[in-house]
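Quick one: the structure is below, questions incoming.
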Amino acid sequence: MNTILIQILGALATILLAFIVGMFYGGAHRKVIARIQNRVGPPIYQNFIDVLKLYSKETSINHGVMQHMGPVFAITASITSLMFVPILTDGNWFSNLNFSGDLVFLVYMMVFGSLGMALGAGQTGNPNSAIGVTRGLSQMVGYEIPFVMAMVALMTQFHTTSITGMIAVQQQSGTWLMFSNPFAFMAAIMAMLGMFSYAPFDIVTAPAEVSSGPISEFGGKYLGMMMTSGSIFAFVKLALFVDIFMGGASNLVVLVIKTFALYMIPVLYGVISPRYRTEQAITYFWKWPLFFGFIAILYAAF
Amino acid sequence: MVISPVQYIAIPLIAAFLIPLFGKLNKELVRIIPGLVLLYLSYISVVLMNQVISQNTMIVEIIAGWRPPWGINLVFSPFSGFLASLFSMLGFIIWMYTYNFKREVEDAQTEKFYVLMMMLITGTIGIVLTGDIFNMFVFLEITAISAYSLTAFYRERDGAEAAFKYLLVGSFASFFILLAIVLLYSQVGTLNMADIAQKMPDVNPYMKGVILMLFFVGFGIEAEMFPLNGWAPDVYTQAPGPIGAIFAGMVVKAGIYGLVRVIFTLFDVHEIFPLLMIMGVITMAVSEVIALRQGKLKRMLAYSSIGQMGLVLVAFGIGTHEAVFAAIFLMFNHAVIKSLLFLSGTYLVYHSKEKNISDLDGIGKSLPFTSFLFALGSLAIVGLPPFAGFWSKLYILMAAADVRLIAVIAIILAVSVVEIVYYFRVLHRIYFRERISTIEIKIPSFNAKISMLILAIVIIVIGVYPDLISGLIERAATDLLDKQHYIQSVLSVGLH
Amino acid sequence: MNSLILLLILMFGGALFAFILNKFVPALRDIFVVLLMLGVSYLFFSTGISNRLNFDVLGIHMQWGFTSASYLFGIIVVVLGSLALIYSTAYMKGKDRLGYFYMNFLFSIGAMLGILMSRDLISLFFFWEIMTWSSYFIVIYSGNDVDRRGLKYMIFSAIGAYSMLMAIVIVNSFIGSFLLEDVFASIFAIGSGYQIAIAILLMIGFGVKSAMMPLHVWAPRAYSESPMSYTAVFSGALSKMGVFGFALVLFNLVSTQNWLINEVVAWLAAITSVLATFYAVIQSDAKKLLAYSSIAQIGYIIIGLASNTYLGVMAGLFLAVLHAVFKSTLFMAVGAVERQVGTTDMTKISGLIRRMPWTFVATLISIIALAGLPPLGGFVGKWMLYEALITSGHYYLVIMVFLSSTAAFLYSYRILFGMFLGQEEPEFAHVKEAPLSMLIPMLILSGISVLSGSHPGFILEPIQSAMASFGFQSNLPHESWWELTVLFNTWGDKVALVNVLTSIVGVFLIALAFITIKGYKNQRYVTTKDISSSGEIIQPEDNMTFQIDFYKPFERAIWPLLKRKIDDYYTDFGKGLEALFDFVRRFYNGNGQFYAIYVMAFLALLLIAGTKYFGF
Amino acid sequence: MMNEFLMISFYGTAIALILIGLYATLAKKNLLKIVIGLSIADSGLNLLFMAIGYVKDGTAPIFSAEVVGKNVVMVDPVPQALVLTAIVIGFAVTAVALSLVMRLYRHHNTAAIDEIKNLKW
Amino acid sequence: MMKRFFIFLILAIVGYYIVDVVSQIPFGENRVNVGDYYLDKSPSELKVSNTVTAIVVNYRGFDTLGEVTVLFLAATGLASIMFRRKRKGEKDIRAKKASSRIIQIGSQILFPIIILLGAYVFIHGHLSPGGGFQGGVIIATASLLMLISYRKFKVNHSTISWIESIAGIVFVLLGVTGLILGKTFLENFLPTGELNNLLSGGIIGIIYVAVGFKVAAELTGLIDTLLLNNRPEANKEK
């Protein structure tokens, strides 16, 4: 009874952590870009303000039940994914449910959210949403493959498919996996650029042209939920990468440092790159990242 | 009067001579008499077949009181008896079909038609029953002359052209067979097949080879072997529909019977088997391939029929017991199925001048019953279970596999695919096109429907329960392969 | 009478009777076929697997009876068959040639049961062919473009069936028996060249039915143009006969030394699944999309079987069952749309979600299962497949599968969006929900998809006994089926399905409550024309539907793969053959004298050859 | 010597007839000539058969009053009987062939075999 | 040219083999064969002096039955091939103009003599060279003579078919009678008589007479059919 209570509390704490960290990172993103572009930029807590505002709004119209359910799907996916990612390597606090799912499961769980969002976007009937969705899904096919290749390389190298297993491997050997199998890391990092859908892979939302893609018809609580979901997802991805490649984090400070360092890669890469078209993005992912993934598996297997 | 094989010949002959007389009494009798005759022949087939199978013997009948090798004799062995029974029963069914066929033809012609048709059947029965090589030649000629005349039966078609081609090539066949008989007689001094078979080992091999080649070509023409079969498609196309069925069902089979009897019993040289098989494969491949490109229904059926004969030759060419069994089974199946196809196909293109396959467009709605039977026949001929054609094809393949003729199996199967393509193309037209042609449709008469239905039922029953007939075929195959038994049974008859 | 014979007699006799009944009392036909099928199902379930029937035909010894493996597939057949028949009573209402349709429908189901109960190769082939032509007759039922579509199906089926037949007779020539147990027992005694040839030939045969590249070209149109009520069975059960055959071959006829065969099969299947998925993505007709999707899904199944590991085979069989469930639901749903709307072209229809909500629910569930997303059954199968491939060292294969199933999201979304989401055009305002007899089968099947996600035990139990008959001993803890909720791979990693389900459902409900409780009542529905459009006012006649060239960017990215379809090679080959045939035809030039010359020339040749080579 | 001469003349004539007949059948365009060729070939064959049945110094196989009881050599009667049959059959075939030629001529207005090609392929 | 050369080549090959084979058959030697048996038995048991006739009608009588059938079929087939619907008012005209008087009178004189000769030949078929076929052909030449001499000589096809049928039936029935009497088909069941006597050889004589009638009737009909249709105006028919 007690353990369940602790678990629920732990879960809630995890969600809160993810939410806060994700939101701040979002703000940091905007700030960093603004500074590079020589602007002042919004305050780093701007996202909190936005979300609070959105949640406090009353939504008075919808286009059908799927629009209502879409954000729910999205947030379900992100929170569930979060549940299955070990946040800290030590202690029971943030382990949540990570014993009951492994990497393969996680990869699928992360897709779930985008499908839910896509369904919601579809119901609205806005062609811009649908266009955004098709772009997003197409691009996903692009980056998912090198990412999975990296994962497979690691799994075969260390004969485990669970994240805790990978952390354990790193703790035993003392080296981070990004050094044990650098090719896998390369592939994964390049795939991560796509995962965040920041520039140059931001054609999904294409802020300038198609009025923000899938979420264009969402407002109020729906948009708030979407934003929450996005923030948590960002955190999940980062935590996952940290767990896998960077030996995990033994306490929250280390976690924040590692994740932030990681987070800056897509952010900074985006600043210096022009936007890719969808098919260019796909072919981008299917060139070097795929090659690295290929090598990574060879490296791991032999 | 005791039932004996000679009645297969005598009764139709009496009837044939009587028909012109009865024709003067009553026009209907002309149509009915052949039916009665063929019914009687079917009846004696049952009796004799039963006798042969139950007593495990063969009936050798002496003619004119002189025992072999001096007199002519008829041999009702399991193999020849099986074919004779098949021919007479099939003949009866085809007669039933013809009974109301083309009523508009003049009475004088009707009479001739029935005489010729009956004698065509009798000729084929004679070929399989006789035990004398020259007598076989005579029956071959009876068959041939009736066939020539029947091919040219319709004035409005190109029948005469087809008949002339047939006659030209057919004359070559009789010429070669006769030459072979002459040479054979000069070597063994006898005409009785059992006696020849007995004395054959003494003949010098060179002579034997030439004679065999002459026989091979002669009977090969009748059996529609590949380079010799130029006449066949034309004849099938131009002959009246039911006659086409007789050609496919009986005349070719009789030719094949002659070929295998000569090869297996008379000569018994195994060196010829590969040749038989190769020719069979070529025949099959070439004609099925041509059938694919045909635009005319009957011509397509004709090529298909030739192809099947090629398959029969392949099976005989393999030469094992299993293969011979398969070959005879296939002969039976093909006789039944191809007859059904010809009979139903005839009504599908009844009034069509060109007999084009495109005339069949959408005919399935107008002639549901006939189309259905045609479809059934098509499924059966390509060897789809649960129809009769499947088992024979299976057995041929098994026999080929047993002697490791993998390439032959592959060719047979590839050709079967071709077969499927062209038959199904026709079916598509029948069922899935809109009818555009304005050609009048002829509804089959009741008796024609019944006869086709009987064939269809045979196909299905044999397909589901092949053991119904496999016993007979098994015995027939044993009989064909057991040369010594044949010689002994024939030559020992009337000794005591 | 032996219940096996009774089963077949009921099926085939019933089929013929349905045909006749349709001629005379068409009103009773529907009831008859459904009752017949239910009766047969009952009989099937009461038959059990110990029943054996021995008999001889033409001197060939034959044996009938179910094994636990074929029983598993038999369950798929009878369940799908019954549901599809119930479905088709409404779906086919008012069409003509119903006697023909139902006769062939029942024939093919009977033939499938026959295949499954065959314990010898001859009856297997016998029923295989019956299945082929009966399904073929349904494929051409609609009657348009029969010559190309129908023939393609028939030609490929024939090629498959005949290569199978070739293998069968070769096996027999070595072993002297057609009985499966004899064949399995002594197959490894024969030369390894023949052994491999036999396996390959058999797999060509089964590969055609399971639509494996490059033998798949018949499938898209055959699936998409048959009546949907049959395609549900066609794709769901009939193609599984190919899978069943693959299982027989891979586990019994391929020796472990010939690992290359497994590898090749797996790769072919992987290529199949990837290419078919890509083709599916670019389709705009829902039926065709599903058809390609079927091809791709069967690719996974065969990969699983070919991996030859415990988990992989289990994944393959599990996916086989599940594919039957969700794919037939999808076909039924598309059929429902087709019946209610009149077309399945997704460029023409959109926004049916509010018109056909239950169909949408069934579709959504099945799509989630198809895409392999947790917490539905598809995920269980996918998870096992991936784990099996990773743990058995098929690294690149797993990438192929991943590529295929990621791309599968694209068409999954396409089909949902294309038919149900998007603009609600006024022309579809009159569309009504499908009748109950169509909905119920769909919803039942959706229920299975849902249940199998958290408690796959009820499917895995029969699969385990089936696998025991293939020689794979169970390593799952043996418990009651409802306790079989945690899956392990060979490295000991696991996924706890109930936890997954609980967490997803829990979070989902909380989030839903959060968003719904306050304010949902006050929300009002606005039409899909009322959307943000940069200030412009959208008129009702404005086309705001995005359906054409849905995945154009993706199409551009994979362009090299789509440039030339495999189909075209076959077409070229066929054309070449026809030209050759026409050339051969000239041999019969119509001049009788030439025929006579042929005769003489042949004689001359024979005489020369005869004296030279035949040793006279 | 005499015997050899007879042999060469009989066999030679017979084979020559056969070949002439066959040549006419294969090479001549006219339908009638083709039929005639067939007849010639048949005759040659019949002659060959008769020649094969010949026995040196043999008489006809008829036991007329003068022959009965004496020991005379007779030729083989079987070829003669068979040739009789063969002739009749040849006659019948020729008759049918001629009637076909007549009909073909009437239908096509030509007797050239290479122009009668309505049925082909 | 190519074709002709090809034919020569083929015929040369086939001819070579025929010559090669035939030259291996010893000429003029008495070989042991079934003929000896016939020569031995025919005068002693059948009491037929013409052994060829004995073979044709008795030993190999079945062949002859077939042969008769072939002729019958040829006549039937020919009639069916040449069959033509008569137009209204059409008369049977065989030749364009009548033959000269000399021929007409000559034929009139020869006609009965030829028929007599024919009858003699087939009646004495078992005694001397000749027989049913030969006699029948001779008789047919008589009618041929009349047909070409007289424009309007009519052959009564009805009579011909009666003769044909009855003769044929007699042949077969004689065979069947043997069967009915417990012997074999076509077996002699009459007393054989004395050698070289007109009434010898049992059924052989009767059969040959029947064959003679039949052949005569058939050939006459055959010739008539061919002539009847051979009119120049018939060529225009299409």
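Each chain carries a letter (A, B, C, D and E) given by its place in the written order, and its residues are counted from 1.
Everything below uses one rule, namely that contacts are C-beta pairs under 8 Å (C-beta built on N, C-alpha and C of every residue); 3 or more make two chains touch, one makes a residue touch a chain.
Remember, it's a predicted structure, so these values are computed and weren't measured experimentally.
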item: Joint neighbours of subunit E and subunit D, given as chain labels; value: B, C
item: Most contacted chain pair (by C-beta pair count); value: A-C
item: Chain whose average C-alpha position is farthest from subunit A's own; value: E
item: Subunit A-subunit E separation of Cα centroids, rounded to whole Å; value: 107
item: Subunit C and subunit D, separation of their C-alpha mean positions in angstrom; value: 70
item: Subunit A and subunit D: spacing of chain centres that average the CA atoms, whole Å; value: 101
item: Gap in Å, rounded to a whole number, between the CA centres of subunit B and subunit A; value: 78
item: Subunit B, residues touching no fewer than two other chains; value: 134, 138, 141, 145, 148-149, 152, 155, 160-161, 163-165, 168, 172, 179, 185-186, 191, 206, 210, 233, 290, 293
item: Residues within subunit D bordering two or more other chains; value: 22, 25-26, 34, 48, 52, 78, 82, 85, 89, 92-93, 96, 100, 103, 107, 116, 118-119, 121
item: Touching two or more other chains - residue numbers and ranges from subunit C; value: 585, 588, 592-593, 596-597, 600-601, 603, 607, 611
item: Which pairs of chains touch, using the document's own definition; value: A-C, B-C, B-D, B-E, C-D, C-E, D-E
item: Partner subunit A, residues of subunit C touching it in the complex; value: 351, 353-354, 364, 368, 371-374, 379, 382-383, 386-387, 390-391, 393, 395-396, 398-399, 402-403, 406-407, 409-410, 412-413, 416-417, 421-424, 486, 489, 491, 493-496, 499-500, 503-504, 507-508, 511-512, 515-516, 519-520, 522-534, 544-546, 550-551, 553-554, 556-557
item: Touching residues on subunit C, where the partner in the complex is subunit B; value: 56-59, 122, 125-127, 129-130, 132-133, 140, 143-144, 146-147, 150-151, 154-155, 158-159, 162-163, 165-166, 169-170, 172-173, 578, 580-582, 584-585, 587-588, 592-596, 598-603, 606-607, 609-611, 614-616
item: Residue numbers on subunit A that touch subunit C, as the complex places them; value: 58-66, 68-69, 71-73, 75-76, 79-80, 83, 97, 99-102, 104-105, 108-109, 111-112, 114-115, 118-119, 122-127, 130-131, 133-135, 137-138, 140-142, 144-145, 148-149, 152-153, 155-156, 159-162, 165, 211, 216-217, 221-222, 225, 277-279, 282-283, 286, 293, 297, 300-301
item: List of subunit E residues in touch with subunit C within their complex; value: 3, 6-7, 9-11, 13-14, 17
item: Contact set on subunit B toward subunit E in their complex; value: 1-2, 4, 6, 9-10, 13-14, 16-18, 20-21, 24, 61-66, 69-72, 106, 108-109, 112-113, 115-116, 119, 126, 132, 134-135, 138-139, 141-142, 145-146, 148-150, 152-153, 155, 160, 163, 179, 183, 185-192, 204, 206-207, 210
